[in-house]
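One chain, subunit A, links the two complexes that follow: it is found with subunit B in the first and with subunit C in the second.
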Partner chain A sequence: MDVLEEAILEQFRTAVGERFVLSSPEERLVYDCDGCVLLKAIPQAIVLPKTTEEVSAVVKICHTHNIPFVARGAGTGLSGGALATEGGIIIALNRMDAIIEIDPVSRTATVEVGVVNAWLNREARPYGLFYAPDPSSQSACTLGGNIAENAGGIHCLKYGVTVDHILGLELVLPDGDVLWVGSQTRRIDGLNFLGTIVGSEGTFGIVTRAVVQLLPIPVHIHTMLLAFDDTAAACRCISAIIQRGIIPAALEFMDAFTVNAVNQAFSVGFPDSAEAVLLIELDDKTSLGLETSLEELLSVVAPFKPSQTQHAKTEEERVQLWKARKGAVAAYGRYLPAFYLHDCVIPRRHLATVLAQIIAIGQRHDVLIGNVFHAGDGNLHPNILFDPDNQAMMTRVLKAGEEILDACLTVGGVLSGEHGIGIEKSAYMSRLFTPEDLARMAGLKRLFDPKNLANPEKILPHRSSCGENNTATSISHPLFTQHGAWI
Partner chain B sequence: MLQQSLGASLTTSGGKKNHYTLQPHTLESLQNCVSFCHNNHLPLQVGDLPLSSLYFSEKPRLILDVSSFNAVHHFPVDDLLITVDTGMTALELQKECEAQNLQYPLWFPDNWTQMDILLSDQPSLETGFLGYPRDTVTATEWLSPDGGISHYGGEVVKNVSGYDLNKCILGSHYQLGLITRATLKLAVPPEAEHHYWLEISSLEEGYGYYQSLSHADKSEGTTPFSLKRCELLFRNSHSSPGTNGLFFTLSDSLDSLEVQAKRLPGDVLKLSKASARKWMNTLMKQSSPIRRGENPLSKTHELTMTLEVCLPPLKVFKWLHSIVNRPEIKPFGLQWRMAAGLIYFHLSCLEDLSSFPFWFEQKEALYKHWGGTLRMIQAPDSQGQLMSELNQAPHPLTRQLMQQWVKTIDPHQIFTG
Partner chain C sequence: MTTDINAENLADSPFDLLKACIHCGMCLSTCPTYRVTGSEAESPRGRLYLMKHLDMKHRGAESGTQTNERITSATGILPHLDNCLGCLSCETACPSGVQYGELLFKTRKDWVSHPRTFWYPLQRWVKQLIFSHVLTHRKWLVSGRHFYKLLQRFGVFSWLKRLTWARSLPWVGPALALAPVIPHRYKPLHPGLSFGNTSGERVALMLGCVMDAVYNHVHWATIQVLVENGYYVYIPEQTCCGALAHHAGEEAIARDLAQQNLVSILHSNPDWIVLNSAGCGSTMKEISKQFAGDTVFEEKAKHFSEKVVDIMVLLTKKPLRPMKKRLSMTVVYHAACHLQHAQKVRLEPEAVLRQIPGIDLIPLSEPELCCGSAGIYNLEHPEISADIMALKRLDIIKTQADVLVSGNPGCLLQFAAGLRPQTTEEKPIAILHPIELLAEAYGYRGYLPQ
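On to the complex of A and B.
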């Protein structure tokens, strides 16, 4: 789409300052995609406000001229959420990067949304506190992006996802008005708009500030790796741990392909011959408590006969294990340059069956799939690798992705556990929800955004506002049917 | 005729004029009942939550009895989840779970229904340790006032597929309709629970004791106190000086509890299971708007008023000090759910009706300066309207948007009168 007309650009410049409106073709190109490289859309301009007042002024201009706007943090999102697919501007929040206050008594932090997840942890550490949600992208992604996607992470099994840690927030509505929801506690006053805004992917407006909950850093931690010769045994072991009532801080799964990839990339020496590896972390307030749960965990695991058990003996060894886990996706780059990632959640009891199906789907379509995922939550992450220049491969990748989604939905799974729907999965929504469900969601969107300007056409399939069913399935692939071929 | 067309039985209610109880037996007849009221603009009262002015008004109304909706819909034991119809009571749910050696993590009085609990997002005695009811729900079925049904979630513990409709409806106090079915997260019960009572003579003493229980976790080589409930009770008024104290529960393996018991101070009284159960019942009923049976604080509801304040737990004590000597809240009975930062004030309305402006003021101050919340959960019938007003979200624009949403969903205000 073309750049916005000069008169409107001028209004944005007045609102945020000359330097903070980007409109040259090169500058706009930088914002044409996020972490989901399958999809691209060039915005008509990029505006970088510094304060809530500036955000409000920018949004008011959009409201007056009916210009769609899309919030953007670090652009690490994996569902095409931060793309200006309907034209309009991107409001990049990276200049709103102040940690306004850390209150060790309330155990809260008040932050602007451009703050990078890892920065907050760095600042909270001296108080003995930490911010629990830890997406693998935490060194880059922003808290605003985390709030919009309700991000999860490795330690969310025990500590909960983003919504469990956001106590209050400031939202600039699509007409420029500013509202606050929540408090410094988890008690909700009135309807729980807070819980609904978190995870709404920027479609209700722009979150500008948030009060987040901090937790005391657990003092006693034990991390270990279990290798299995049999994927099904590893999956059954996961269920057994949860069934016993043990809640590890983290419980992650890696398949053989991923183990090889991280071994090559990071020389971590994971067991090469293993079919599956589980990374488990336990934490506790006391060493005695930790010992007790470790003992119990090992007794639950024993019948599943892991071929190898490695315990991290030092903090360095522990850091190395998590570095390998968090870097797994990067390690896939050694095989093919790009990946297409689904993040369905399934009932845990179906893990073994669905993983077997995913492997079969990969073989049938001759595509490489690496599985590295939050096993304790049943949150799968099949990474289908591809070469963007290879059209034939792309077709197979998309088909495989669609079959994986169907396999998950068939066992009662849901489309996404932490990456959101964005544009990438919106056409699939009608496979999970009835027209009545979608109409209810559309009603909520209308309440916040009657003009449909805030990140339009994300989450809900087209026409769902009328409660109609989306018929994307009739054409070869939903990603193409809605928006044409962007690849 | 009405009975036939709705598929529900209709009876007159407890001697009250113009009040009729409808008891549907199928989801379809429940939908019929709700749509009937919607179409005829008839007020419909559900459950026992006096949080709207409807509850207090003398308007003719239908009362919906959902006790027939108490079936287990699906119970995937391996995944520690259960899907139930929400007419199911807390006792019925615990019995189902016990049969599989599981438990619902939050304890509620026997006859409260899941509908009451989920629609009020009622904090339990364990909330500071285990969260709110909304944290235990992975899926809901939502019956809106026009009789439409929508769903969100599944038997999955993590989900960001579209707008979280669960969050909308949980805690919405019947303003948006009913939750008819819910999938709940369960837990493995501890081997044992031991309950204690410790008399205290001042708030300071109680708070200090709670801190020593929680901080003891930090000392190395000792078994940590596995605290699951801790409620401080305090009255600085006329009668029963003996009732000031700390009620707490430790839950763990039997061996561990034995070790922990040895570290408790000598004057702690171990309570029998039955006596603890009685305490828990009283404490919950006193601190909830759910009226199933009597509120033990007062036989006549007209006479007591209960307010709930929530603050970051470590700020409570300071805030209490800032208001404790205000004449508006004296004499008071206080219930402090320490780990959750929840405080309940039990006030006599005879003396304190004039304190309403004070609480409006406090709500504003709490919101602006303390990051806290305030709501009234029991009030005399005559004060229903004021109470509804007090309980709105404090930010004006947020409040307006919420009201607009309620109006869109329930244009004839059948649930809110």
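On to the complex of A and C.
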């Protein structure tokens, strides 16, 4: 798509300043994808506002001229959510990066949405507080992106995902009006739109500020690593822990391939002979409580005969363990230059069977698949690695991806645990929802955005052809047939 | 497993190094230029993406087939690469192990003769002249220093600073804004001088040119502390380390300088080759890469690189002799990018500083952030540089420390200008090289401001 016409660019420049409207071919090119490199679309311009007023002014210009706009945080999203697939502009919020207030008494923080997740934690730490949702990308992704995707993370098993921690937010509606939703407290009067807006992937407008809840940093923490010679045993062990009613702060799974990648990237010395590794963290207010749950956990684990049990002895060791876990996906870059990551959530009792199926699918299509996931939630993350320059491999990768999705949906799983539907999974939506359900969702979207300008074509299958395409499990992958050549 | 999947295959040539970038974005928030411009094109991920396109265009052109029909052009891409500080903070952050520095410097080298702007050829010529003829002549630098002091004495700089037209000149304006007040003491050091007991381990001290011209006393502090700790220190025959040329992509000049240093310093048979300038140190440490595959120099260069060590790292090799004086003060340590990111020296400097009696080290919130100086970046890109300094400044001022220390002349110059108090209430902060604090603690005088 071509650059916007000069007269409109000029209006944007007046709104945000000369330096903060990007329109050269090179500047536009680098915004053609997010963390998901399968999908590409070059925006017509990028606008970088600094304040809510500027966002509102920019959105008003879009509204007047019917220009679609797509919000973007850090562009670490994994479902192509931040792409201007329908043309129009990207409104990148990363310059809105002020932490406005941390209130240690009511344990809340008021932030602009461009604040990076890890920065909020850094600033809250001196007060003994933390912001619980911790996506693996937290050192880079923005709170706005987290809100839009309802991001989860390693510690969300115990503490809940983003929506559980947002008390209020400021939304610039698609006509430029500014709306406050929610409050400073945990209670809301009237209709509660908060839960609707969190997770709406920028399709209802642009979130500019948020009041978030902070929690006291747990004092007593125990982190350990269990290695297994048998993947199925590791999966059964997960189910047993959950069944017993133990809620660890985190319960993560890594397969042998991931362990290898992580060992290379971080020199953490995970047992590389193991078939599967579980990382488990327990926390508690009292040391006695911690000891009791640790004992219970160890007794649940014992029958599954882990080949090794390592306990983090110091805070540094613990930090290193999680750093390695959080860097796992990126560490795959040591093998192949790109990954296609699914994000299904399945009922936990099916973990062992589905994981076995995924491994078989990988072998059948001769593709590398790394499995590292939030085991406690049943949120799988099969990473199919690929080289975009290798067409033959691409075809195998897409086919494998589709079969994995099938396997998950068959056991009653859902499409996305935390990465959102975006453009990448929108074609699959009609697998899960009836046309009536989808029409109702579209109706809600129309209420907020009658002109369909805010991140159009995301989440909901857009064109009538989608419904037909995605039932076909041929190589004509919906991503490609629907939009033509994306790559 | 498949046969076409092989990590080794990927790393064959520098440009396949590009494939290591999986576009995850984990490096974004640590990139100073991205932070202040907000633009993905000024981020590591964006720059790698642009390098990839440049490479595809280049290969397409070479083989006669235009593989890439994209809308971009080299003239459009290169300024974004020129805007990079080369601080390598992104390398530290990248979990995929992308060798960003390799890629950047290789691309700059390949494209150094491509004119980006009308003035580029002239600018390049001036830089080449400086890199190969001014920085390499100690006499010129020393005379330059004296001339500068003379101008300073007669208030020429403060007078120039009042002229709007002078302030708006490229290079001159930013240089005026920096114009450091050069300390008065200058005790020349020249090849042949040696200090300490000949029975100690042999330390060849590399002077660097900026460090020697502006902060010559830092060398004396280095010598004093090393001699206190039983080393034998001498000044070998040497020339500029070539870092500036290397970073600008002027590889021929850089290589020539590196070769001169290699031959003359190794000839003096050192146990250690010590530097107190992070920028020069990282270039010297990487000499082995520059000569990889060279039939004559490969082995020598490897040998050389192994002996190169930053002063603060050398001081952690053996227990320090006890220090006599207490320095009651609060100190912040600014880790120069060329130490923490390029040389991966992270813990040693603070470990040494903590041993100084009486010192209270205050941590920064964002210790990985660059100061915006980056060689001559602050002269070439004054606006971005000033914005980065503003970020850094906030973090430092917040600590209310008495002293800021940093092991790189570029950082010291940048801070001398950037940390000047902006209001009368603001507490002035002294800016020193860490070794100066050690020299004071060993009882030498005159390093601390009155």
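In this text, the second predicted complex is superposed on the first by the 474 of 487 C-alpha atoms of A that agree within 3 Å, B and C clash if a C-alpha of one lies under 4 Å from a C-alpha of the other, contacts with A are read in each partner's own complex, and residues count from 1 in each chain.
Note that a residue touches a chain if its C-beta (ideal position, glycine included) is under 8 Å from a C-beta of that chain, and two chains touch if they have at least 3 such contacts.
Just so it is clear, the model here is predicted, and its values are computed rather than measured.
Peer 1: Identify the partner contact of A:Ala331: answer first if only subunit B is touched, second if only subunit C is, both if each is, neither if none is.
Peer 2: A:Ala331 sits against subunit C, while subunit B stays out of touch.
Peer 1: Could you say whether A:Ala118 touches subunit B, subunit C, both of them, or neither, answering first, second, both or neither?
Peer 2: A:Ala118: touches subunit C, not subunit B.
Peer 1: Counting residues of subunit A touched by each partner, does subunit B or subunit C come out ahead?
Peer 2: Answer, by number of touched residues of subunit A: B.
Peer 1: Report for A:Asp366: first if it touches subunit B alone, second if subunit C alone, otherwise both or neither.
Peer 2: After superposing on A, A:Asp366 lies in contact with subunit C but is clear of subunit B.
Peer 1: Touch check for A:Arg440: first (subunit B), second (subunit C), both, or neither?
Peer 2: After superposing on A, A:Arg440 lies in contact with subunit B but is clear of subunit C.
Peer 1: Which of the residues in subunit A come into contact with subunit B in the complex?
Peer 2: 103, 105-108, 149-150, 152, 156, 160-161, 163-164, 167-168, 173, 177-181, 183-196, 198-200, 211, 239, 242-245, 285-289, 292, 345-349, 374, 377-379, 412-421, 425, 429, 432-434, 436-441, 443-445, 447-448, 459-460
Peer 1: Mind pulling up the subunit A residues that touch subunit C in the complex?
Peer 2: Going through subunit A, the ones touching subunit C are 19-20, 22, 24-27, 29-31, 33-35, 37, 42, 46, 48, 74-76, 92, 94-95, 116, 118-119, 122-123, 137, 139-141, 264-266, 327-339, 366-368, 385, 387, 390, 393.
Peer 1: Okay, in this complex, where on subunit C does subunit A touch?
Peer 2: Per the touch definition, subunit C meets subunit A at residues 1-2, 4-5, 7, 10, 19-30, 34, 37-41, 43, 45-46, 49-50, 53, 70-73, 76-77, 80, 93-98, 365.
Peer 1: In their complex, what parts of subunit B are in touch with subunit A?
Peer 2: That would be residues 76, 78-81, 121, 123, 131-132, 134-135, 142, 144, 148-165, 167-168, 170-172, 175-176, 187-188, 217-218, 220-224, 256, 308, 310-312, 314-315, 341-342, 367, 370-373, 375, 391-395, 397-399, 401-402, 404-406, 408-409 of subunit B.
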